[in-house]
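Below you'll find a set of structures to go through.
Same chain, two partners: subunit A is paired with subunit B first, then with subunit C.
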Partner chain A sequence: MKNKKKLGVFLFILPAVIVFAIYFVYPIGFLLFTSFMTWDGIGSMSFAGLDNYEKLIDDHVFHKSLMNTLIWGASAVFIHIPLALLLAIILSYKVPGWKFFRTVFFFPNLISTLALSMMWLFIYNGQFGLLNAGLEAVGLGFLQRNWLGEMSTAFPALIAHWIFYVGIFMVIFMAFIATIDKSIYEAAEIDGANIFQRELLITIPLLKPGIAAGVLLAITNTLKNFEAPFVMTNGGPVNETMVMALHIYRQMVNFDYGYANTLAVMLILAGGFMILVVQLVFREKNA
Partner chain B sequence: MKNKVIVALILFLMLVVTACSQGDSNDTEAAQEEHELTFHTHYVGNEGRAETIQAIVDEFNEEHEGRAKVVIDATPDPQTMYDKNRTSLATDTVADIFYFQHNPVDADRYYGSDKLIDLSPHLDDGWGDSFSPEGLDHGRYEDQIMAVPFESMMVPIYYNTELFADAGIDEFPTTWDEFFDAADKLMENGITPIATGTGENAWSTQLMYSYIVSSIAGEDLWELELDDEAFLEGARILDRMFEYSPSDAVGLTYSSYASYFINENAAMIVNGPWMISQFYEQGGDEFAEKVGVGTMPAYEGGKGEQGAVIAGVNFVLTGKKHEDPLKEEMAVEFMKYLTHTDNAKRLFLDSGALMEAANFEINEDDDADRISIDILENLQAAPYEFKHLINAKSTAVANEFPSAVSALALGEVTPEEFVEQMAGVEE
Partner chain C sequence: MKAKLKTLKLGYIPVYLILLFFLMVTMFPFLWILLSSFKANAELMRAPFSLPETWNFSNYVEAFRVGNLGRLFWNSLFVSTISTAICILFATMAAYAVRKGGKWAKIIYFTIIIGIFLPTNSLLVPYYLIAAQFNLINTPWALVTTYMAMGLPLTLLIIYGFVRGVPEEILESAEIDGCNMFQTYYRILLPLVRPGVATAAIFQFLFSWNEFIFALLLTTDQSARTLQVGISLFKSVYQNDFTTMFAAIFSSLIPIIIIYIFLQKHIIEGLTSGSVKG
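Up next is the complex of A and B:
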């Protein structure tokens, strides 16, 4: 009877295990395997030992792309998510026109990254861009520049085009806030807590699981960033805006699949590291 | 009872006969199955050749109805199309018919992949005669022909004759010194001399670099190392060229700097004949009338000759190998149709594109535009032809160029460091 039960459990989880093995274990295993190979993606592979990993040490584009990916992830955590949280708190007070603003903030999430990138490409254009025209109009013409073509502004401009599209996380946080018992706020109000104290000491602590989920989602999104750098800067100028996903792609189209997969392994490790840090931070605070 | 058995038997026999006849009909259908073939192309949308290519595909489909149907797999951006070809070849999902920008390193990868049709047996019926032997060499791999030459190029330096005249320049410069003198005069008139950019694959910039280096090193420039003295001097001149380019040249994409030329904000652009249709469609007849065709200026003391042109096979056409011989036959049939002399002539007349099967004559009755004819005349008068960087070197070198040249333009690297970087990638 016990064996029959075990068999039943086994048969129930078998489809999930098969799907997991095909779509997760196999690709990662293949990635890991080919990262030790010299392979152009077409012909046969040859064992390269640790050559691809040694190449990482001298590959300054990898260093730059890893750093940019980490900075982008950090900006997600320290700017993107707090901004979404702030908007969610404000709109949760159901200020006049809150439904309109919720729609406005959420709307860019319905537009493809590609279309948004094209739009920002024109906004940032050095000669006829909207940003430069706006600066000229308000008497700040001296600040005009080729935003995506200069070393000092290209990467901040690339991040900035995305950082204000916080709609998806704002909606998630609003849903979390709606579940908080109103009596807690009333009790705090009776005790004399002002609006800032109530948000800081009630809303944010109770939103912790939602914030943790938002941070994880934001980080995983930034690790996969490809379309915007590809369309807006193609990694330039001088690899200043290169991110990991784009660097991997470059190696692929250069027929260097072995090294591309080594970079992909590094991306997985970087992602794992960032997620671990997030989990540690939130676990510490829970304790 | 007996009657029931007879009726049942008759019904059974009818069923069997129907089933058999159904089977026969299925077999016939299978034999006459329409093969759907994908043709991966960037000749779509507003691209100059798009309309003619679509017409050719439609006509082929009409003529081969019931046997083959070609479906266009569109990737409007050429660079993305090249990338997609490379990755889909690796994943065995490449289109049934496609073309790629030829360079000797990548071509061998494609041809040696064992994933393409060997076209050698199909060339004997006269198809092979459509192409020059040198053109066919671009598709040769061991004793096979894996691709046929598709589109050629002659890359002139287009210039706006009116802007030149306004600046007091009578003729297109014949030396680089004259070129920079003319550029100074254009700058004084508030005109950006040369429309170029380093975005995407830095297309026009790499063409200009190829021209500059050839004027120094001659027609055999690609036999030299990329850090040779000729390339170094070329990098110095290219560095100077950025002083005469749009202020946002770093990162500027083709469509943007092309619009600078068409909107008459810039006086010159280096590009192929496929741009002619853009002159007419975006600039109008009045603008197209102003476009002059210039060729390579000479470098004092250089081995190159004034008037030499970047030309030769740009794209080669090939097809995916199939287990089904009928499908493969239909793919080859389409390639023959597409590269037929009549269609090559149509493409030239409609868009200015120089298809490789160019053994056609232009008659007085033909509505050939003046710019296309100027280009052909310059090609015929050229002392020699040579390839540009992307056609001559590997994809890795071509992909490094935009980044390296951006660094040069921004002053992040010296010309010496630029050529070292390029040579390093080639190694």
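Up next is the complex of A and C:
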């Protein structure tokens, strides 16, 4: 009877384990292994030692893409998440129309990043784009420019296209706020706390597990960025908007699989590093 | 009483200014693409802001013709549906095993869950080679298998959150009544966790529908290409015909809009209950 139960558990978990082994465990081992190889993906591999890793040191595009990926991650943590928090707090007061706003704000998170990038490509367009036309209409025509074509504005524009689409984190935070015991607010009110003190000193500290989860998710999402630079700038002008995933893709379509996988290892390490930092920050505050 | 305590004392005006700003940045781009998709190119250049002079659907007809969007819609639907079905099957089975099993099953569960935080874009080369190994490149099955695998960790997390909440007595009494493990899974457990399955399925479907980079990499032929890749091609192939491109972009949003309108409750409430549980 006991053995039969064990066999059942084994058989039920087996498909998921096989899928996980093929698509997560094996690829990571494979990445590590091939990052020490020279390989075009077709011919045979040859051992390259640390050559690929040495190449990283001189690869300015890699430096730029790593920096951009980290900046994108930082803007997720310091702008994206706080904006989501602000909206979540506002809508948690159930201001008239809150359900409508929640529905609308969440919508951009459901559609593909590709479609969003295609749309913003034309919003930023230098000839007839919505942004330039809007600036013209409100008398700020002198600010018009080719937003994605100029070195100084290309990367900020890329980040800005996504930064206000905070709906998914807003909904997550609202869920956490809804679980806060209302009597805590009642006590604060009696003690004479005003609305800002209440939110800053009660809601946000109590929301810490939710914020931690949101920050982790946001960072993971920014590491996956590919569509926006691929569609809107193709990494340009002069690699100004290059991100890690696009750099990996470029190496791959150039059949430098060994180096592509070295970069991939770096992407995973960058992600691991940021996640570790987040964990440390949130643990320290808890203690 | 409780509701009253949480009413807003701050003035409504700053609050609504913030909300209106977000409303504008969220909705205006969509509105602009929609309105422009009815215009001719010359009209877009001349008056990028105005309502279209005539409501002309010819851009949509043209987009479907040159982009072969009908075929691409079908491919995306096929890939997303099948990958979701397999993913849900494996995840519910695994969640049940974790619920019933001992320490090892829990360890396996937590290991799989870590996969959520892996930036899958780092796996471009391995996933390409795996699909090539199974001879799947340029078939919809390359994407079905890859998406199913990529979505498995999150799907398992959502579904296990619900499976964990099923009372032990229900499962036990089913076993006492002589149900074997498969019968308990199929007849007792699955109906009980249906809301969790619905939420997980919607998210897996949307993920598969929206995914781009692996679709670009694993399919080059029109017979297997998905809608996202097809839309992206408008940029390079039909680059001067902007309004046709807008029609193509908006067409690709329509299924998502329909899903959102009808399943909004599942999406938002699923995320709400899921995030607090997980």
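We take it that the second predicted complex is superposed on the first by the 265 of 287 C-alpha atoms of A that agree within 3 Å, B and C clash if a C-alpha of one lies under 4 Å from a C-alpha of the other, contacts with A are read in each partner's own complex, and residues count from 1 in each chain.
We take it that contacts are C-beta pairs under 8 Å (C-beta built on N, C-alpha and C of every residue); 3 or more make two chains touch, one makes a residue touch a chain.
Quick caveat, the model's predicted, so the values are computed rather than measured.
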Fit or clash - subunit C, subunit B, common subunit A: clash
Subunit A residues touched - subunit C or subunit B, whichever exceeds: C
Contacts of A:Ile42 with subunit B and subunit C, given as first, second, both or neither: first
Contacts of A:Gln127 with subunit B and subunit C, given as first, second, both or neither: both
Which superposed partner A:Lys224 touches (first subunit B, second subunit C, both, neither): second
Touching partner for A:Val17 - first (subunit B), second (subunit C), both, neither: second
Which of subunit B and subunit C A:Tyr257 touches, first, second, both or neither: both
First, second, both or neither for A:Pro237, with subunit B first and subunit C second: first
A:Thr103 touches, of subunit B and subunit C: first, second, both or neither? second
First, second, both or neither for A:Gly149, with subunit B first and subunit C second: first
Subunit B/subunit C common contact set on subunit A: 41, 127, 249, 252, 257
Touching residues (chain side subunit C, partner subunit A) in the complex: 2-3, 5-10, 12, 15-16, 18-19, 22-23, 25-30, 32-33, 44-45, 48-49, 89-91, 93-94, 96-98, 100-101, 105, 108, 111-112, 115-130, 146, 148-150, 152-153, 156, 180-182, 185, 206, 209-213, 217, 228, 231-232, 234-235, 242, 245-246, 249, 252-253, 256, 259-260, 264, 267-268, 271-273, 275-276, 278
Contact set on subunit A toward subunit B in their complex: 40-43, 125-127, 146, 148-151, 154, 233-239, 249-250, 252-257
Of all residues in subunit B, those that touch subunit A in their complex: 82-83, 86-87, 89-91, 106, 109, 112-113, 115, 198-200, 246-252, 256, 260, 395-396, 399, 402-403, 406-407, 410, 412
Of all residues in subunit A, those that touch subunit C in their complex: 5, 8-10, 12-13, 15-17, 19-20, 22-24, 26-28, 30-31, 34, 41, 86-87, 90, 92-95, 97, 101-108, 110-115, 118-123, 127-130, 133-134, 137, 164-165, 167-168, 171-172, 174-176, 178-179, 182, 185-186, 189, 195, 210, 213, 216, 220, 223-224, 226-227, 230-231, 244-245, 248-249, 252, 257, 260-261, 264-265, 267-268, 271, 275
